[in-house]
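Sharing a structure here in structure tokens format.
The letters A, B, C, D, E and F name the chains in turn, as written, and every chain counts its residues from 1.
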Amino acid sequence: MRIVFDLGGSVVMPKEGANVEKIKEYANTFKKIKDEGHEVAIVVGGGRTAREYIGIARELGANEGFCDELGIMATRMNAMILITALGDYSIKKVPTSFEEAELILNLGKIPVMGGTHPGHTTDAVAASLAEFINADLLVIGTNVDGVYDKDPNKYEDAKKFDKMSAKQLVDLALSSSLKAGSSSVVDLLAAKIIERARLKVAVVKGTPEELLNVSKGIINGTIIEG
Amino acid sequence: MRIVFDLGGSVVMPKEGANVEKIKEYANTFKKIKDEGHEVAIVVGGGRTAREYIGIARELGANEGFCDELGIMATRMNAMILITALGDYSIKKVPTSFEEAELILNLGKIPVMGGTHPGHTTDAVAASLAEFINADLLVIGTNVDGVYDKDPNKYEDAKKFDKMSAKQLVDLALSSSLKAGSSSVVDLLAAKIIERARLKVAVVKGTPEELLNVSKGIINGTIIEG
Amino acid sequence: MRIVFDLGGSVVMPKEGANVEKIKEYANTFKKIKDEGHEVAIVVGGGRTAREYIGIARELGANEGFCDELGIMATRMNAMILITALGDYSIKKVPTSFEEAELILNLGKIPVMGGTHPGHTTDAVAASLAEFINADLLVIGTNVDGVYDKDPNKYEDAKKFDKMSAKQLVDLALSSSLKAGSSSVVDLLAAKIIERARLKVAVVKGTPEELLNVSKGIINGTIIEG
Amino acid sequence: MRIVFDLGGSVVMPKEGANVEKIKEYANTFKKIKDEGHEVAIVVGGGRTAREYIGIARELGANEGFCDELGIMATRMNAMILITALGDYSIKKVPTSFEEAELILNLGKIPVMGGTHPGHTTDAVAASLAEFINADLLVIGTNVDGVYDKDPNKYEDAKKFDKMSAKQLVDLALSSSLKAGSSSVVDLLAAKIIERARLKVAVVKGTPEELLNVSKGIINGTIIEG
Amino acid sequence: MRIVFDLGGSVVMPKEGANVEKIKEYANTFKKIKDEGHEVAIVVGGGRTAREYIGIARELGANEGFCDELGIMATRMNAMILITALGDYSIKKVPTSFEEAELILNLGKIPVMGGTHPGHTTDAVAASLAEFINADLLVIGTNVDGVYDKDPNKYEDAKKFDKMSAKQLVDLALSSSLKAGSSSVVDLLAAKIIERARLKVAVVKGTPEELLNVSKGIINGTIIEG
Amino acid sequence: MRIVFDLGGSVVMPKEGANVEKIKEYANTFKKIKDEGHEVAIVVGGGRTAREYIGIARELGANEGFCDELGIMATRMNAMILITALGDYSIKKVPTSFEEAELILNLGKIPVMGGTHPGHTTDAVAASLAEFINADLLVIGTNVDGVYDKDPNKYEDAKKFDKMSAKQLVDLALSSSLKAGSSSVVDLLAAKIIERARLKVAVVKGTPEELLNVSKGIINGTIIEG
């Protein structure tokens, strides 16, 4: 199975300081999944470093496009950290295009990307990569265990979806971008790409255990399909 | 004034065959606007050539990301045609990044861009470029004379907006992407960029006359602001 | 055997509109040849799209160098179409240098190139690629079934060569560039490269059947050697 | 006068959190110097972000070359922050080669570089840039007010040089790299480049006031020459 | 006047060892021409270094395409030497495309190119550059004082052309490539580009004096036009 | 074993003219080492060509950074010669970054690099490459048979080291850069990289025989370790 993993930057750069043991655990998980015979590609977000630099740049009057460029740099630094932890399973080069990522897959290695272009979140990049390399599955690791109709951290009666269609995901992202306070697992652009590419998506808690589970067909979260 | 013009590819490559005189007229208009002391940047769409190639690629099973790459090539060919017509007012190179476009502006020339990256329409590129170079105005040349609440070609009672807010534009793009059949002047991503960058936008009929009018402060269309 | 195929752009973009079935047929032919154990590289021309854009650019006063750049873009779009049809047999990236093409061959895939540089036809690119990768055979697919002493579409007494030397090919290209109305299968630069690289060349009708035949050693056309 | 300023990354990213007002003050200083008619180029170090990422990468077993790449990314993010604060005085692009930096100077703008290549500190980059663009002066802003024979923060009897030769600087860097505990204002490679290029260097406290002073010919620090 | 100068590599790297004084003389000539108000662009050949490396590569079995790449490297080293001698009149970067060369001209500097692509002599590059930047004049500096009907070093009765048409130049290049022993001032590809671009060409002895003369309208050689 | 070989440019371009047979001998040696199952990477110096061009550039007033660029070009031409001799064992492309070199290794081929960046000798490049690809051994081929405490060509009582530590190598390079007349096998930057990367290094006479010997574990020279 060809799987794209979409991870927040907080995996590599959490608020409370980077945790080297945690990073190793993630790396070992991806190695195991690869050893089981799967093809693995990873997209990492910008996390704390991105937020810090973008905050300063905004105060100095930078436009959002330039802030995005700063964020992309941070995602690539995070990708380099994960590449280091993957050792021989990856290649010491962060791909900046999908063609390059596909080339690395063809070499039998794990490509680890960050952002690519202003205006795209890494969620949108992960969806685009999955589309470009015809991935069998896109795994989105979040801080909750699936897609909910409301933010489960705020509403006790939030209901989790076991399955949903891409159309439903787009609607959720739409209503989320309409009403402040509501929350969506991915931004609207990412949802749209998932829809147009008819990707199969698994949204799970972004722990090493759950990522490994997904590769074994056990999805403790939400499946988006159809 | 620093102005970004966003033109459909049909200007260069209309259905019925390219019209060299028409292209010259557009080029002369942009030269005039430049001679009046404005800084001009242009983004051109893919038009007929893009549609033709994307159509074939889709039938052959290409994913949308790869189709976007084909479309980008077509937009750049269209940009090269307009560059030719602009002669010494431009530079014989289609910029592929906003940094390059800004450099050409700094040389006192007119940059003409096409698309930049899969997942972005040229509308989104034009909005991003306007944001990146801190343009005073983004001019969107369409086939109608402004933004309407419904498609004026289909509904007699369609009402034109004289002014609207960026928030309203986003809402329109949202409802348009929700309901098939409704129409929006720009896609949702472009609308979002316009909103976040607080761009001043003029939506007018994309004729040489109206583009020239806009540069003189006469906007026969819709102003988006605030 | 390492084979370079040189195809006109009309294969992908014929006058009467692209024929998806035809493109699939070509792709399947190249897959078969690859499956037989041959190494395959392809160079595609610009066809109708190139002619259309260059026509407009010329009318607008573009110099021939810039027209060549437009033509190169068109050849690359055609290459992308063929790459789509080849699926996993190729890589979703049009090489822009011979080094890149060789790298893709080394990955066990089929590189599909277009033009590379102003001043070179795709015939010259194909000959240069064959030279660069030390190809065993360069196959030129044309609209007639070999090399003739005169244009067989115009002269009934045109005589086909079964075999000819590279020197003879150069002479033919020379006299063709001297006398308007005469026709040569390749331009002079391509002929010169064939001569200096001592390439073995097969000129055949550019149908899927004949291309397949060549890979089996059946050459219904002209062999250039020595 | 053509001046290269060499600043530590802690200017942009100090330990205690970035100080937007401080960054603005630096930017305003450089604008003033430019307005006085000088040509200004700046090289910024990696600071806290570089140290944080390199620390993690080292723990994960990265080699020093790869750590350098991470550091270079951080220097470029810092450069982008300073570029933002410089607004129209700079160009929204971090040059990655000296040629590019010279081009930006030729456009009448301030280039802001970070690192360029593994194995080079930003001190060495600043010296190389000064050499490449034939700068009249290289200004090194440090946390003390000049070059001392011992670390003035540790030794009360440390003596400041008012003037010294490049040869002396190299000797100091050498003995510093020999004996742990001793301190040098620049690394050995930077010192060697200063020597071979016969650069005039001013080492001063890296405050906005002192940088401005230098541009006026008032050097409250150490002059290296000859 | 916008002038392209096409110089053999032997100017920089003659057989008997480089002559620094000679190079300075050439550089001073180009500076003078620029000071007179002309726009100057230069293309330099590969000379002795190119011949030496290509000789070895051929013996080792390199194909001609790879030999061309070696030659291009040598031409660029020669261009760097001339750039050094030109100081502030040029930019310390050898352009590798015509777009880059045009950009340098737009900055008010002298671009100095070498080769660009396998299969093109620097004569062809000079002609293409002249075409691309719409030069008013292409000056070819050779070792004789114009174009002759036979090699004037071998035949006493060789007759110099004062004027000739591009068509005649092509014919000469053709017959030269047909008959071993005859000699042409430029290769066939360069002649063809001169013809198609309708360039005005001056062929003169490649001495500093004659190059300066040409810029003053005194052409002691052959004018190709029409 | 993964081995990096560091060879002077005089191997390819000796003073007395290139020796094609010698180059073939070197190439055959590297092929044998590869056939024994080792991974091989090579870095070549600039030799005579580099010295000649740098000499001229210096006389013309070039700064050392620009001279380095010239030297890098020469190293790459030398690398191309060795690549030619290696035929199918290498790839017809000189890598310009360590990532590229690693990619070529991953394709089962021999990367042959020259210099990479101003300020680095090819010794430093070889050490950096060995660090980057985690080489098991760095082999430095010199004109004497190991590391001596003084120049063995000048002092009869010079003593060869059989083993030494990286720290000792750094000290030797330091004292060598301090005292004119003393000689070091590598420059200080290369020594520092060897030290920080804890590389195992073999310094031997740079003949084909001795290079082959090293690959078999027979080191007739100096081992640097620890």
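Definition applied: contacts are C-beta pairs under 8 Å (C-beta built on N, C-alpha and C of every residue); 3 or more make two chains touch, one makes a residue touch a chain.
These figures come from a predicted structure and were not determined experimentally.
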Chains contacting each of chain C and chain D, listed by label: A, B, E, F
Common touching chains of chain D and chain A: B, F
Furthest chain, CA centroid comparison against chain B: F
Interface sides of chain D and chain F: same vs different residues, half threshold: same
Most widely separated chain from chain D, with each centre as the mean of CA atoms: C
Euclidean distance of C-alpha centroids - chain C vs chain E, Å: 31
Centroid spacing, where centroids are CA-atom means, of chain D and chain E in whole angstrom: 43
Chain C: positions in contact with at least two other chains: 66, 92, 98, 107, 132
Topology of the chain contact graph, where touching chains are joined (line, ring, star, complete, other): other
Contacting chain pairs - touch in the sense defined above: A-B, A-C, A-D, A-F, B-C, B-D, B-E, C-E, C-F, D-E, D-F, E-F
Contact footprint of chain C on chain F as seen in their complex: 91-93, 107, 109
Touching residues on chain C, where the partner in the complex is chain F: 98-99, 102-103, 106-107, 132
Contact set on chain E toward chain F in their complex: 18, 20, 23-24, 49, 52-53, 56-57, 59-62, 66, 69-70, 73-74, 76-77, 80-81, 84-85, 87, 92
List of chain C residues in touch with chain E within their complex: 63-66, 98, 116-120, 124, 128, 131-132, 134, 171, 174, 177-178, 188-189, 192-193, 196-197
